[in-house]
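In what comes next, subunit A is part of two complexes: it sits with subunit B in the first one and with subunit C in the second one.
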Partner chain A sequence: MKLCPKPLTCILSALLLGSASFTFAETAEEKGLAIAQQTKESDKGWGDMEAQMTMVLRNGQGQESIREIRLKSLEQEADGDKSLSIFDKPLDVKGTAFLSFSHPVGADDQWLYLPALKRVKRIASRNKSGPFMGSEFAYEDLTSFEIEKYTYKYLRDEPCGTEQCYVVEQYPVDEFSGYTRRVTWIDQSENRLHKIDFFDRKDAPLKTLTYADYQQYEGKHWRPDLMKMVNHQTNKNTDLIWTNYQFKSGLSDADFNKNSLKRAQ
Partner chain B sequence: MKERVFDVALKHPIWVLLASIILVVAAAAGAKNLVFKSDYRVFFSEENPQLTAFESMQKIYSKSDNVAFIIAPKEGSVFTPKRLAAIHELTLQSWQVPYSTRVDSITNFQNTVAEDDDLIVEDLVLDPATLAQADMPRLKELATNDPLMRSKLISPEGHVSVVNITIQLPGINPVAEVPEVVNKIRELKTQFITANPDIDLYLSGLIMMNNSFAEASQNDFTTLVPLMFLIVVVAIIFLLRTFSGALATIVIIIFTIISTMGLAGWTGFYLTGPSISTPTVIMTLAVADCVHILATFFYELRQGEEKSKALRTSLRINFSPIFLTSVTTAIGFLSMNFSDSPPFRDLGNMVAAGVMIAFILSITLFPALLMLLPIKIKPQKENKSVLMDKLSAFIISNRTTLLPSMTVIILATVVFVPFNKLNDDFVKYFDKTVPFRQATDFMQDNLSGLTSIEISINTGQSSGINAPAYLKTLDNFSGWLRAQPETDHVSTLTDIVKRLNKNMHGDDPAFYTLPANRELAAQYLLLYELSLPYGLDLNNQLNVDKSSSRIIGTFKNLTSNEQIKLEERLYKWFEDNAPQYTVQIASPTLMFAHIGQRNIQSMLIGITFALILISALLGIALKSVRYGMISLLPNLAPAAMGFGIWYFIDGQVGLALSVVAGMTMGIVVDDTVHFLSKYRHARIDKGKSTEDAVRYAFASVGRALWITTLVLVAGFMVLAQSSFKINADMGLLTAITILIALIVDFLFLPPLLMKLDNTAVIETTKEK
Partner chain C sequence: MSLLRSSHVQHGIKLTSMGLILACSSQVHASAEFEASGKVTAELRLFSENPQYADQYQDANLSIAVEPDFFWQWNDALDSLSFKPFFRLDQHDNERTHADIRELSWVHQGDDWELRSGIRKVFWGVTEFQHLVDVINQSDGIEDIDGEDKLGQPMINLSLVKSWGIVDLYLLPGFREQTFPGKKGRLRSSLVVDTDQAQFEAGNEAMHTDLAIRWSQSVGDFDLGAHWFRGTNRDPILEMGMKGSEMVLVPYYEQMNQVGFDLQATIESWLWKAETIWRNSESDTYWAAQAGFEYTFYGIQESYADLGVLLEYGWDQRGKKTKAIFQNDISVGARLALNDTASTELLAGVIYDVDYGSTSLQLEASRRLGDKWKITLDGRFFSADDSADMMSSMDKDDHIQIGVERYF
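After this line comes the complex of A and B, so read on.
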């Protein structure tokens, strides 16, 4: 099968796409989609990943609370990624493990292992919009980015820190999403997210997520050390601190099933 | 000095008029800064302990300002596919209300069901299109028996339901935010009623109450203020028989009001329900100055005096009493600064300023206007007030019986003062014509009251809420609270935990119990929280580190005393059963429950302060300590009698009435001042006997006194027509007190003077 009938055109268009200079007369929607595809493409091939996640929750009174979670994820070619979260803190949920097969469209498959009950429970719910462990992050903010989850509209170019960013609006496809839209700032040099503004169901500003301290792994994959989410309506905020990123440690599908849940300690 | 002021007013009236206009316009420009704050929180000072407790609780959990759609099918049950679809649609639309953060209804209730090892979490009505009549009994059974929904979102009979929207006002532009919410709510209501003509929809909740504060006040402003003007015009035309005089008085009133409100704007005041009655009160008080000047002016004209001379005489005679009464009235209103509630301080300060502005305009602009306006009076003989002569004759001849019988009447009314009940029920701040009141009464009759009390129970340790001992305490407390006679609904974490425990054991009803250990509880909640949608999380019941949880009790509408007693019982329960936890109790209704009492205590200090100041002023003005002391009785008695009579009219005293004693004192003193000053003039300057002095006092000020009293009573009776009960009660009690004051000054003060003054004179002569 010939994938590319006219090699020269193929090479040319690949070059054009890769250099991110969009010379075609495209609509704002097409350009938004192209940027999303490029973002997804540029991070492709990370295979599997492990990391340590610390959440610091703060309320309007300035009271703090800490959550600690270990995260393992497995890249999927044709579907949403698989992920396994193991809760370490607070101590009374230690050992609880959450397995999720995310899907670009429709409900995710989710299982939770409750060590106190010694059972795996499947959670049948379409809800991904609630707060994750009482934080300002919704579960949907933490699931893997898939092209099909949104429709897009490119807005403008704008400086972001020392970088130049694309500003792209994303509209969730899932009717159960808590948002009408997200406005994302993606830098043009490395396709990294710098900021997301979330708008609630009535299209009022809800939250802002900022990414900081990006590190590059495997010479390709950029990951932030810090994600700060601020809720503008409640004045609560949550910091998400990432440590111990590890890529390609050899995880496989066998590490992401109901049986592996119980073993995950 | 004052002669020079009179000179300018009488000789250059045009200039005085122009200068007044310029000054008034400059002052009035400040009115653009005046905004109306409709938030109920304005009733509380920043240091109010109940407000502080409530605000801190709101920061720890989430805000509880709300709008409640009350859905009442005209007949039959809520549980039909069509009606549930309508509620489902309203629930969806409610997320579009500005500043909404949460919407609770029976359709989006997060129902949990177990199927083998699956936990299904979904809306009770996920897709209304699939609903069939056959589903109805199951849904009704479930909703009307669930402790979270029963009596909160659905009536036990299933005939009334509520969609509750939690609103988080940013508070950046308090003037615009509430109307913004209400406009959207009303749009939804119209849509709903059009689509569902067989269902009634009512609007309640704290946001609707805030809005009613604003709308009731604005309503008052457009109906009561014009009515007041009409009464003033009619009263002056009929009683003093002068169009020009009425016109000049109206100009003074308008100038006084707009410059007072303008100055309030310049100095950063904002308007609230109580303080928006400032114009009505000022109007009433400003009339008195003009009436006194007009009365003497016309008396002189009838004596055949030339216009300018007659006016000058009137100004000369009235300057001191008008000044004195303005100052005492201002002091009375300034006593409201002792109030715990800022809107009443503002009302007091604005009226005090207005009274002084009215005084200044009365001696400058008023004579200038009278000079400019045509005034025709035929010289005629002094027409003696036959009525007043008869009255004084009656009092003098019956003084021996009047004094004891009036004393008995005064004491008999005052005895009832302590029978008044202390009550601030903010629902009843609005009369039954206000839609918010109707909606809330309907809700109370069919579902639950608006009284809510929030109880935060803190373990002091992170994740402490998962401990079995804590959950047990919470469960016991919730059970106890549910058993209290005044309770309609209790929202508690333990109901959720028990349901989850049942779900985790294959929906076996035997497991509708608290989990056996801490880890189980924690893991259930983690599981549950992972599966909740946006806005329906547990953050409104749990704090950030899960060291405390909040129970919300909803109760039948209770009086302030009942609420304070209930609050005490709640604290007592924890003292007896769970002293190890830190318990905090707060809510808007509790704030109102406490404010009446706090305000009465603080106002007592204010009244004492005003009383001492006013009595001292009177003593100085009348150049007699004795008259100052004698004046105490007729000045104090009317307010005390007013509250005694109030027991028979309403019997409930709250925030609004606690300021009446202070503000009426300054007004009732006026009668005493005018009467005593004329009496003293006759006794000392003219050397008349006590009887003749009383006769003289009646003849010279009797008529003016009852005219001003009539205008004042009419004015405050207009205020009494307000649909906003705070203002209506204040108006009514003030009107009663002022009327009593006149009666006391006519029937009690003269016999008292004749008794005390006589003996006193004899004693001093003996000493000599």
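After this line comes the complex of A and C, so read on.
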């Protein structure tokens, strides 16, 4: 099932393929799912990625706190991605590293390395809704997007900045998610996320995440330089600044095991 | 990393561009990265009771520890060297004023193997209250009584990554003797341990080379480990001796064989943990085990705080004959993490000895201040009246400890 930005292209491709897989009579749920599939499909093939994350945490009084993390991740063909995060700041957690094998269905496998004890600890991944390092990002906001993690409902088309966006509602499948739903804005030209509104377990507005300064890598993969998360209930906010994106630097499964976790520095 | 890897891949490319890539790579090789970090800790211990033994210091003790961390890496991060010395200055206890090389090691990384050589620290195991299978490093017993502080161990460790698990082979030349509090120190046995008179079963004493092998693997929700160790027993037998006209304890280090297993099952909010060892030496052959669970309540009371509840049981086949603390002990603990910006955490644990009816309570709290400071508050409280119980010698050593850590 493919979704097309322009009706004419759709009709043409439908004629060419001689298939009825895409029809205008699809339900809002089907269209929501199709948009999610297209988003995932359009970014496929990134292989492996390294980047530097800087988080600026601000409380209601404007006091700032910095987190610095290096991230490596590896795309998996038939499973969720593998990722390794190494913490550089704050200094008391320097050298702490986090290994995660995400799965589209079921619990992720996660290990934490504590450098002072030289100890690798398998940890429960049930804690999806908890704050990541005291920031406004929850763990579940930072894990890889997998189709099976949500059910979908297309709401409407709407302009977003200079682009035209699909507005799609996503309902987490996992009972331990901190959200009842997320409303996402995805542009129709390049399938990039522009905004997400998060609603808490009581369905009250909780947070808004906006994406800015997209850059294209490898002629295909769009990544934002900045993600801003604002918590409407506490007035706290966190900026997540991405730098030094590197794609296809040759990472393999060997870079994502307990040994690589221990050697993270 | 990218340059070297790609030069492996692109075998077929023209000589000129190959030369260019090599030139680039060698530049990468030449530029070693260096990083220095570390921490300084000041701690104040305050005791609520007068000491049990003559010579022990009174109410308060101040101590400062420095632990810098130097790290170099080169050859596209395939080689690294780390150096981590440790110094402690203690107000009263001359034995606790000590230095150690926690780490001075070179690591070389291959495709599916790693060679780690030098002085290092290794941790094995899964349980929280006791670390039975963690046998490679000697405890730095004067740092704290919980056995979590370790002395650096010289080793050559080849680690092989296979589809069926990670295999670690260890050659351990040289042995580190356990550290004990001195005459003036608190938290010690009734008689002072005279480490200068240490005895060994091995003819070459502390120069004995030990061997170990460990296999570990993750299978679904399970993390498994098995090991075999042959060499000097890290836990000495303490025998009566004399130092001049004074009675002392003299450590005797036997040779031993140990086989052990550890297992953790991670299922939703449950962590099920078990460790067991079989140890054979000239004086004894026995089994011991530590097993239990940790259950975590996430986001308690609609907050972001997590509360973990721990329960573990420790058993030793030798029963009351042993000097081991965990021969028949139930441990209960709670771990509260506020998940706030300051990473505020609180840990409380009670160890109840079923044989002797004694209890010890441990409290550990910490909180970050700004980006570079951390404050800690610890408490240790003992109730042990049976003089046959090892812990009875610390019955008067209830204390709190206030710590300030500065990271750089």
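Going forward, the second predicted complex is superposed on the first by the 241 of 265 C-alpha atoms of A that agree within 3 Å, B and C clash if a C-alpha of one lies under 4 Å from a C-alpha of the other, contacts with A are read in each partner's own complex, and residues count from 1 in each chain.
In this section, contacts are C-beta pairs under 8 Å (C-beta built on N, C-alpha and C of every residue); 3 or more make two chains touch, one makes a residue touch a chain.
Everything numeric here is computed off the predicted structure, so don't read it as measured data.
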| item | value |
| --- | --- |
| Partners on subunit A (subunit B, subunit C) - clash or fit | clash |
| Partner, of subunit C and subunit B, that touches more residues belonging to subunit A | B |
| Which of subunit B and subunit C A:Asn259 touches, first, second, both or neither | second |
| First, second, both or neither for A:Leu91, with subunit B first and subunit C second | both |
| Contacts of A:Gly134 with subunit B and subunit C, given as first, second, both or neither | both |
| Contacts of A:Gly60 with subunit B and subunit C, given as first, second, both or neither | first |
| Partner chain(s) touched by A:Ile123 [first = subunit B, second = subunit C, both, neither] | both |
| Which superposed partner A:Ala204 touches (first subunit B, second subunit C, both, neither) | first |
| Contacts of A:Gln246 with subunit B and subunit C, given as first, second, both or neither | second |
| Touching partner for A:Ala107 - first (subunit B), second (subunit C), both, neither | second |
| Steric overlap of subunit B with subunit C in the superposed model, located at which of 223-231, 259-267, 277-285 or 529-537 | 529-537 |
| Overlapping contact positions on subunit A, where the subunit C interface meets the subunit B interface | 57, 59, 65, 90-93, 117, 119-124, 126-127, 129-131, 133-134, 176, 178 |
| In the complex, subunit A residues that touch subunit B | 57-61, 63-65, 87, 90-93, 96, 98, 110, 112, 114-117, 119-127, 129-134, 138-139, 176, 178, 200-202, 204, 233-236 |
| Residues of subunit C defined as touching subunit A within the complex | 1-2, 5-6, 9, 35, 37, 39, 71, 73, 80, 82, 107, 109, 111-112, 114, 121-123, 126, 148, 159, 161, 166, 216, 218, 221, 223, 264, 266, 268-271, 296, 298-299, 304, 306, 339-343, 368, 371-372, 374, 405, 407-408 |
| Contact footprint of subunit C on subunit A as seen in their complex | 57, 59, 65-66, 89-94, 107, 109, 117-124, 126-127, 129-131, 133-134, 176, 178, 246, 249-250, 254, 257-259, 263, 265 |
| Subunit B to subunit A touching residues, read off their complex | 56, 59-60, 62, 95-101, 115, 117-122, 168, 170, 462-463, 466, 504, 515, 517-524, 526-527, 529-539, 542-546 |
